[in-house]
Each structure stands twice: as structure tokens, then as C-alpha cells.
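Chain nomenclature is as follows: A, B, C and D, assigned in order of appearance, with residue numbering initiated at 1 for each chain independently.
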Amino acid sequence: MSTPLDLSTTLGNAWFPSPLFTASGCASSGKELAQFISLKDIGAVVTKSVMNKPRHGRPTPRMAETPSGMLNSIGLQGPGIDAFLANDVPWLLAQGSRVIVSIAGETVDEYSVLARKLRAVSGISAIEVNISCPNVESRGQVFATDCDTASRVIDGVRKVIGGEIPILAKLTPDVTNIVDIAKSVVDAGADGVALINTVLGMVINLDTMKPHLGGKTGGLSGPAIRPISVRAIYQVHEALPKLPILGMGGVSSGRDALELILAGASGISVGTASFGNPSAIASIQKELVTLLAQRGFTSFQQAVGYAHRS
Amino acid sequence: MSTPLDLSTTLGNAWFPSPLFTASGCASSGKELAQFISLKDIGAVVTKSVMNKPRHGRPTPRMAETPSGMLNSIGLQGPGIDAFLANDVPWLLAQGSRVIVSIAGETVDEYSVLARKLRAVSGISAIEVNISCPNVESRGQVFATDCDTASRVIDGVRKVIGGEIPILAKLTPDVTNIVDIAKSVVDAGADGVALINTVLGMVINLDTMKPHLGGKTGGLSGPAIRPISVRAIYQVHEALPKLPILGMGGVSSGRDALELILAGASGISVGTASFGNPSAIASIQKELVTLLAQRGFTSFQQAVGYAHRS
Amino acid sequence: MSTINKAATQVDATIIANKRIGAYHQIILSVGEAVRHCRPGNFIAIQVGGDSSRMVLRRAFAISRTSETAQFGGTVELIVAPHGSGSRWLCAQSEGVEVNVVTPLGKAFGIPVEPANALLIGGGYGSAPLFGLADVLKSRGCKVDMILGASNGSKIYAPMEGKRSVNSLKIFTEDGSMGESGRVTSQLSQIVAERDIEIIYSCGPMAMLKAITEIADQLGVMHQASVEESMACGIGICMTCVLPVKDEDGAISMLRSCIDGPVMDGSKVCWDLVGKSTESF
Amino acid sequence: MSTINKAATQVDATIIANKRIGAYHQIILSVGEAVRHCRPGNFIAIQVGGDSSRMVLRRAFAISRTSETAQFGGTVELIVAPHGSGSRWLCAQSEGVEVNVVTPLGKAFGIPVEPANALLIGGGYGSAPLFGLADVLKSRGCKVDMILGASNGSKIYAPMEGKRSVNSLKIFTEDGSMGESGRVTSQLSQIVAERDIEIIYSCGPMAMLKAITEIADQLGVMHQASVEESMACGIGICMTCVLPVKDEDGAISMLRSCIDGPVMDGSKVCWDLVGKSTESF
């Protein structure tokens, strides 16, 4: 037998024993998955985007299955940052799990407030700043669709956090040029980007003949969008080869994960696949090791961005 | 038996006996499908986007199947407008088929040149202006990703064509705000919009560990993108309720077509579904009639945009 | 370890039997050891469509009854209505086919500590979990009456063996094609009074659960309702299956029906707010 | 009416037999009347994965042989390598399953008007269409020799009955596990000379077809090659399956291998330019 493949990865100055993470909003705060996978044996748990105040979210129905994918419209239901930090983070750390906290705000300020509360907590590996949500100060326009608002959010968080914890800006693919957005958040101080959030979609219910979701539109996720995530990751890695990318979008097997990795992802979040298969992340991790070894890689890092090399 | 349902539709001043059309690039110039469906019994044949000069297109491989979809990277291979008008249009008209000619250019001028050549031909029902292709004068940026270039193309074509033939601007969903683009092409003189072209995507080949397509990126089509097309059509119809929309993207059954129609489409183009099933358009047309009747509609027109009514 | 989903396991289960019964399919799955943790009210989440399926989500079904035999080990019985593409796929599978399942999931029906007079009300395939529940209640000394309803007789699921544990069974159909014509709530107040009902258990469409809640609240009878919301994950990680539920202080939270339900205290569910904008809370 | 795809029909075909043969599956489909139009070199396009499949495209397979019997009507035989998800799905279907097919598609092998000495060369499952071709050639008075090659013996498809029509059969495997070790081109020049070959028919991987073309061109022997490009539609509407082909004047066009092929004049195909940027033409 050869030496075991080194699966570890880094995002900024944070180290993870494996590149497989949960996707924000697809693992709640971790407890629910613990029966099916060992949380300390995956790379990290990325928690559901938390806001400053508790929030009820959008009306039901909140989901629709679509060909090889699904739409969701949760509307960031959650307990608010205080309850989250009091209950969920300590539990995860007690499991020996690495924790990436995802934050979301309705205003540029709300993100800074959240960052301030996070700064006080020890043990968090990284912060994912979900800027793919509506900015109430700008007619509900999504922060990450505009270079200026995107960078103002990241700049605010960076100033509060200082240099200790890596900040990942989570971008939406619903933009004309995702490379421009990535560049602007990097300039504002992001250590990396998380690509991609869901794609805006809609399903019409043929019985009611109205939009099916309570929130009308929803986010498309799952294997259907994988070609979009691979493309986005490839484009951003090509433009910014040193920038750590946490890749996601439609990964449900080791081969899917490898596609995103070759395109340039240093870590992989698994979202929708866990709904269809609660042990998905563990299986994907196992399959990935085999696929990397079959291709002669001795460490995960060697494969990152390999599709760009000639 | 009740009176037969009126399936006819209009796009601008063009009348069609049925709202089901081929999608540009997914029916070549019609001949190839004639063995499987009766071309005169569908709404119209939308021909493959033609350019001024003959063109070889992109290197192979040109396609990859993806979950519930496919990527293509054809690169507008074609005979050029002169050969096209000499051979293909007369054949289609001889079949009794309605013809919508799709044109594509590399420069704003090329579109005007194409329009001039089309103006001389009689029998064409409408022109679809495919502006979802790269503008060589602007670092390959896609015309339809920018309000300004998009409207310059449409303005040029409109001036040449005059008011006789309806012009449909075909838009890409790969933009931050598709409603803005729709508004700008309408201001420039488009009679309607065709929504949506393919979504930019990529597949990495796990054997070569490089992008699979010869052209690296490709366009994602098929059922996977249907939630995106429904959303785009809904958004544009909401903002511009009088604007005729030729809807497409992932339609492979009558129920799919109905979704796009309720969202606001006055016509439906069927693309990828014909690859998997050469008689798809005929079946969809039949299924649609049943679905409309079951819901109490007596004409197709009543269903257009129904999801917006309260 | 977490306390959520703590009895759940994920296994490949073989279809032991698949039989059409009226409008439904009775499907028996061999799930092994997992069966020991299945209680009436729990559900099972099944992967559908096979290897190259375009359906990415599991389908949830109530566990109707369980058994353990030497031949098949632990088995669970489901009553499946062929509804959309996933349930139709499941109903079309033959014996011997393996499907991946996660079970038991969700909160089970609460069983009274003292013998009580219980009324079980099922709508359509909602009767499925009630027969297993009746067995348990009876074994605890409860008196069990049952009301079943559906639009027509083919949608009444009421197996012979199931009736063993019930003291009485009344059937209502909207078209009168079986039992009396009417709804399960038609004579509910009377029945509760006559039979001295102390607790109602219900499972069926949301509108039925709501109507039962109104009567139960009026009469001051406890009511455990098994709700049915669209579920993407079934294990509490997606937040799609939520319902507005009041706590003791009257504050409303959006609870996940997959882990805080499907069995809920009917009087706590804000039925009128289901599907409403949450700003109105 | 168009002249393209003019013999093609779309039918639901029942799988009559599905048998493993070495690395392949021999699948027999009942296609009815369509069989009368199938010629050696034509192919069939099959819908795969069933109703809720995530595979949206058909799969193309060469028609190996055809027959007409009272019991099954017209049938076609395919030799399928379980490769990716679609062909694996097909190989896993049992007798009696129906699949939607479109056939016959594509240009068939050209048959010499006068009896000639023909050499048929197949690589892997590429031998499939050659046995049907051999029958036809023999019935026209041709002398038919055959060379088959593959990486190993399990990938040589050479049925007993098929050998009836061939004068000689030579097998090469790269690992020497069957026949001689080497490639189909190893002794090609000699064989052509010794046996006075006038026309070569080939089917197999592109690299093999290219190597045969070089030798055939050198020797001035006609060469009809059945090419295999990735096909999305199989009927000429998508332009994915193109190959650079020279016309009489040396001008290169990108021809669709589904309707202008799969059988092409080997010497006209610009093998070196396949997959290259078209600007270099």
C-alpha cells in the first residue's frame, strides 16, 4: 500500500483536514446530520446564514423539485445571531467539528454588526459572508450583483474582523460578469470566494396556475446547475489563480466534486445532495480519495485548478 | 364535442396557427425534421442563426450531456446568408411552413447587412435577432449583456427592415437584470423578445482533466434550465405586459410549455427536446391542447400570462 | 451525539410485496433492525427513480404497520397513492427491487399513560398509520374508535386485519360510494360526546386536520394531528416543511414538520396562517 | 418531402433478447417494418433511462444484423459495450422492456456494383456492422476477408454464424490474449497485396480509421470508414457530430457524421484536423 493521500486543504489561513464541507442552509446547524455522518471527519460545517434578529422566513410552499434540481425559497429563517452563538456554535465545537459561520444582512451595517458579534467567539475557522441576498436599502437588489455594494459589505466585515479569521464572500451566479464581482470583493479584503449560490428560478403550479412557491421565485440548486458552477469557478480561478475558492453547486458524487476541484476549487460544499442522501458528504469524500489516487495525485492540493494547466 | 380550441397566436403583426416553433439551432433548416413532423402543422420553423459568411464553427467535441440537460458549443457553423436564402428558405416556404429567420453577427454592422439581404426576400414571417453571441469589436463580450450594444444592433436592423416584418431580440439569461435589457431592445424597436438562449456552462472531462468541449465553455439547455426560463419570462412579462415573448428553455412536454405560457410566453420554441425525440414538437402541441381544454381555456391567447392575474 | 433523528438509519431495503388495494399500493419493505425503532406516526423517506433519475429528493411515507418475521427480518408496510412521478415510480417497482430508505423519522403519536377513550380519524391514505396506532393503544388498554373519510370508496384504506383493534369504524365518502355520505367531521361532535372521547388522533389533508382542530378545541378534547407539508429533506436540514406553531406564551415559530412533527398538538398549529406571509405573525 | 432521414421511423421497440457476450451485450430489438430499410452501416438511436431519466439524449448504436421472423416481425441486433450511464442502462434492461428507437439512420456502406475483393476491418464493437455487410457483399459475389482487433480477447466480437460469409478471419489483440498480438494494421499492407484487395471497409476507433486510411491511400485502395463522433441528435439538426471532410476541390467542410456519415470515404476525411480549431483549415 502507498502512503495515504493527503486530503487537507486551506482557505486563507484556515486549515481543514478534508475539502468537503456542508453548504450553508443545507445542514441547518449540524445537529440534524450528526446521526448520519461524523461531523468531525468532514472538512467543516458551514452553518445556515444567520442574521442579527430571529426571522420567520418566507411563506410555504418553500420548495419545488425540478429536473435534476430543486427550487427553494426559505427566506433566511433562523434564530438570530445571539441564540445561534449561544447554542449552536458551542455544540459544534464540542463535537470536534470545524465551523464556518455564514452571515447575512439586509443592510451593509447589519453585516458589520454580525461580524462584531462573531469576533468575540473563539474557535470559528472562517466566516462566509452571504452577499447573495436582497439589500433592503437598494430596492431589494442583491448585494452581490453590484461591485460597489458587494465590496462595501466585505470592507465593513474585514475592518471589524481584522486579519485573524478568513473571510469568504459568497457570490451569486446571476450576474453578467462574476469575475468583476470577485475582483471587487478581493480588493475589499475577502480572503476567498464561495461559488456559487443558487440561480434565480421559478416554477408555475399547473393546478393553481400561479407561481408555486410562496415567495414566487426561488433558488435553483442541485446537479442541474453543476455546469454553471464549474464554469464560474473556472472563470474566477483563471482570472485570480491565487484566490481560494470554496466551490459548490450540484455536487452529489466524488466525480462531481473532482470536476469543481479541477476547475479551481480548494474546497467543496455539498448542499442539495444531502437532502436526497443524508450521508452524501461522507460518500463523496470517500469517492474523491479513490478518484484522486487513480489519477496519480498524492495530495488533494495537486488537483486544484489542474484543468488550467497545459 | 365542443368547438375546437383556437391555438393561433401572434408575435407583433405575424400570425401563426400554433404557438409551437422549433428553436434556432435545434432544427437546422427544417429538412432534417420533415421526416418526423409535418412542418406546416407547427407554428413556425425558426432556422439556425445564420451569419453573413459561411462558417466552420468551433472544434469538436461540441457537446456534453449534463443532468437533465446538455452543453453545446457549435460556434454558429453555417452556410452563410446567401446560400441559406438561395436553398433553405424557398424549400421551407414550398412546404407551406412559416419561417422565422434567425440572424447573428460579429459586429453591429453585420446584423444590418443581414437585415438588408432578408428585406429582399418575401414570405418570411419574422426575424429573430440572436444577440446572445460575442461582439468581436468589444473583447468578445456578448451583445445582449449590455443595454447599449444590444439596442444598437436592434436599432440597425429595425432601420433596415422598416415596419413590415416583426423583429424579435433573442436574449441571454446570463445578465444581472434581463428586464433592463428587454426594455432597451424594445426602445430600439424590437417587436418582441425571445427568451432564453442557453446559460453559459462548462464540463470538465475527468479522463483528460481538461474542459471537455473544444470551445471550453458551452451553452446549457434542456429541462435543467426550465426554472430559469420560466423566471425570465415571468419577470419580463411583469415589467412589459404587452410585449410579445417567444419563450423557450427546457420545454419537452405540454406541461412544460404551459408553464412558460402561463408565465407570459405567446409562443414556445422547442430545442433540446427534439434531439431526444424528433417528434417532440408534435407531441407537445397535442398535449398542450388537452391541458388548455382541461383548464377551461377556449383559446390559447387566454392562457398567456395567466399566472400574473389575481 | 445529537438528539435529533437519533433513531434513524439509512439502509437499502428490498421490496417484499407490492399489491394494489383500491386507489393505493400496499408496499412492504424489509428494513432490518430499523423496524424496532419505528413507532406509529413515524415516517420513512425513500430514494426514487433509480441511478440516473432526475428526481433528486426523497419521498416521505407514513409507516402503516411493522412486523418481524424469520423470513424477511423487520418489515414496514406503506400505503402509497400514485400521485406524481416519484410515488408512481415506487408503485411500479416489483418485488425484489432495492430502494434506499431512511427511517424512522419524525415524532410519533404520543400514547396516553393511562387507558383512555381514543378516536382515530383518517382521510384518504391518512388512515395508514392509524391501524398501527390502534394496536398500540389497545395494548395499553385504551378503547379505540375510528372514522375514515375520502372522496370515494376506492380511496378508503381499511384492511380487515386492521379492524381487529378498533371498537367501531365509521366510514364517510363525499360521493356516498362507501359508508355514509359526508365528511369525517360530519358527526364528530356527537361521536365525541356519545363515546366519551378523551383524545383524538388524526392524519389526512391539512383542511381536514384544521376542521378537526376547530371541533376538538371547542369540545376541549386533546388532538394529535399528523401534518403533511412538502418536504425536501425529511431530516431537518432544509427548512422547507415548516408550519406556524404557537408556544405556551402564544409566540409563533415556524417549526419543521419533519422533526418537530409530523405529529403535532392540533391546538397549537396556527392553521389559518399556513402558507401566509410570515410578516402577519 | 426531404431526402434526409427519409427511411427513418420512430417506434417503440421491445427487447427480445439481451445476452452478455464477452465484454459486450448482444441486444435484439423488435422494430417491425423499419427493418426492411436497414442496411449495413446504418445505425439506431435509442432513448435511455426511462420516464424520469436525467439523460436527455439518445444513444447511437450500429445495426449489427437484421432478420424477419413470424414470431417477432422485424428485428435488429446490436452489440453494446456498457460504457457510460446510458449504455449501462440499456445493457441492464430485461427482455420485454420497451424502448423508443429511431432507425434506420445515417449513410450505409456502399456496395460495389461489380464483384470485388473486400477487406473488412473492425476494432472492438466496430465489428458489429461488418458481419451484416459481409453477408451482403458475399451475396453480390464479392470475396470477403476480415481483420478484427481489440485490446484483449473479451473485446473481440466474432460470432460463429457471422464467420459463414467470410473467406478468412484474422484476429489481433494488443495483449495477445486472442489471435496474434498486435493491431489490425500490423500486417495490413501485406494482406492487401496478397489477397488483391480492392476495397476496405472499416469500423472502429477514430485512431484506427486514421491509420487504415494512411495505408489505404498509400496503396491506392478504396476505403469506406464508419466514423464515430459524439452525437446529440443523430438526425442532422444539432451540428455536434461534425468532421472536417475535403471535397473534390480540396475545400474543407464540417460534415455531419450522422447524416453525411457515419460511413465516409476515408481518404476524404481530414483525420489530422479532427478536434482542431477550424481557423486552421
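By definition in this document, a residue touches a chain if its C-beta (ideal position, glycine included) is under 8 Å from a C-beta of that chain, and two chains touch if they have at least 3 such contacts.
Remember, predicted model here, so these are calculated numbers, not experimental data.
Peer 1: Can you tell me the least number of steps between subunit C and subunit D, where a step is a move to a chain it touches?
Peer 2: 1
Peer 1: Does A-D or B-D have more contacting C-beta pairs?
Peer 2: B-D
Peer 1: If you average the Cα atoms of subunit B and of subunit C to get two centres, how far apart are those centres in Å?
Peer 2: The mean C-alpha positions of subunit B and subunit C differ by 47 Å.
Peer 1: Just give me the whole-number Å value for how far the CA centre of subunit A lies from that of subunit C.
Peer 2: From the centre of subunit A to the centre of subunit C is 35 Å.
Peer 1: Could you say which residues in subunit D touch two or more other chains, in rising order?
Peer 2: Within subunit D, residues 54-55 contact more than one other chain.
Peer 1: Two-or-more-chain contact residues of subunit A, please, as numbers and ranges.
Peer 2: 67-69, 222-223
Peer 1: Line, ring, star, complete or other: which describes how these chains touch one another?
Peer 2: Its topology is that of a complete graph.
Peer 1: For the complex, which residues does subunit D have touching subunit A?
Peer 2: Going by the criterion above, the answer is residues 54.
Peer 1: Where on subunit C does subunit D make contact in their complex?
Peer 2: Going by the criterion above, the answer is residues 48-55, 85-86, 89.
Peer 1: Given the complex with subunit C, which residues does subunit A contribute to the contact?
Peer 2: 25-28, 30-36, 48, 56-63, 65, 67-70, 72, 74-75, 77, 214, 222-223, 252, 272-279
Peer 1: Give the list of subunit B residues in touch with subunit A in this complex.
Peer 2: Residues of subunit B touching subunit A: 64, 66-69, 71, 145-146, 174-177, 199-204, 206, 209-211, 217-218, 220, 222-228, 230-231, 234, 250, 255, 258-259, 262-263, 291, 295, 306-307.
Peer 1: Which residues, counting only subunit A, touch subunit D once they are in their complex?
Peer 2: 67-68, 223
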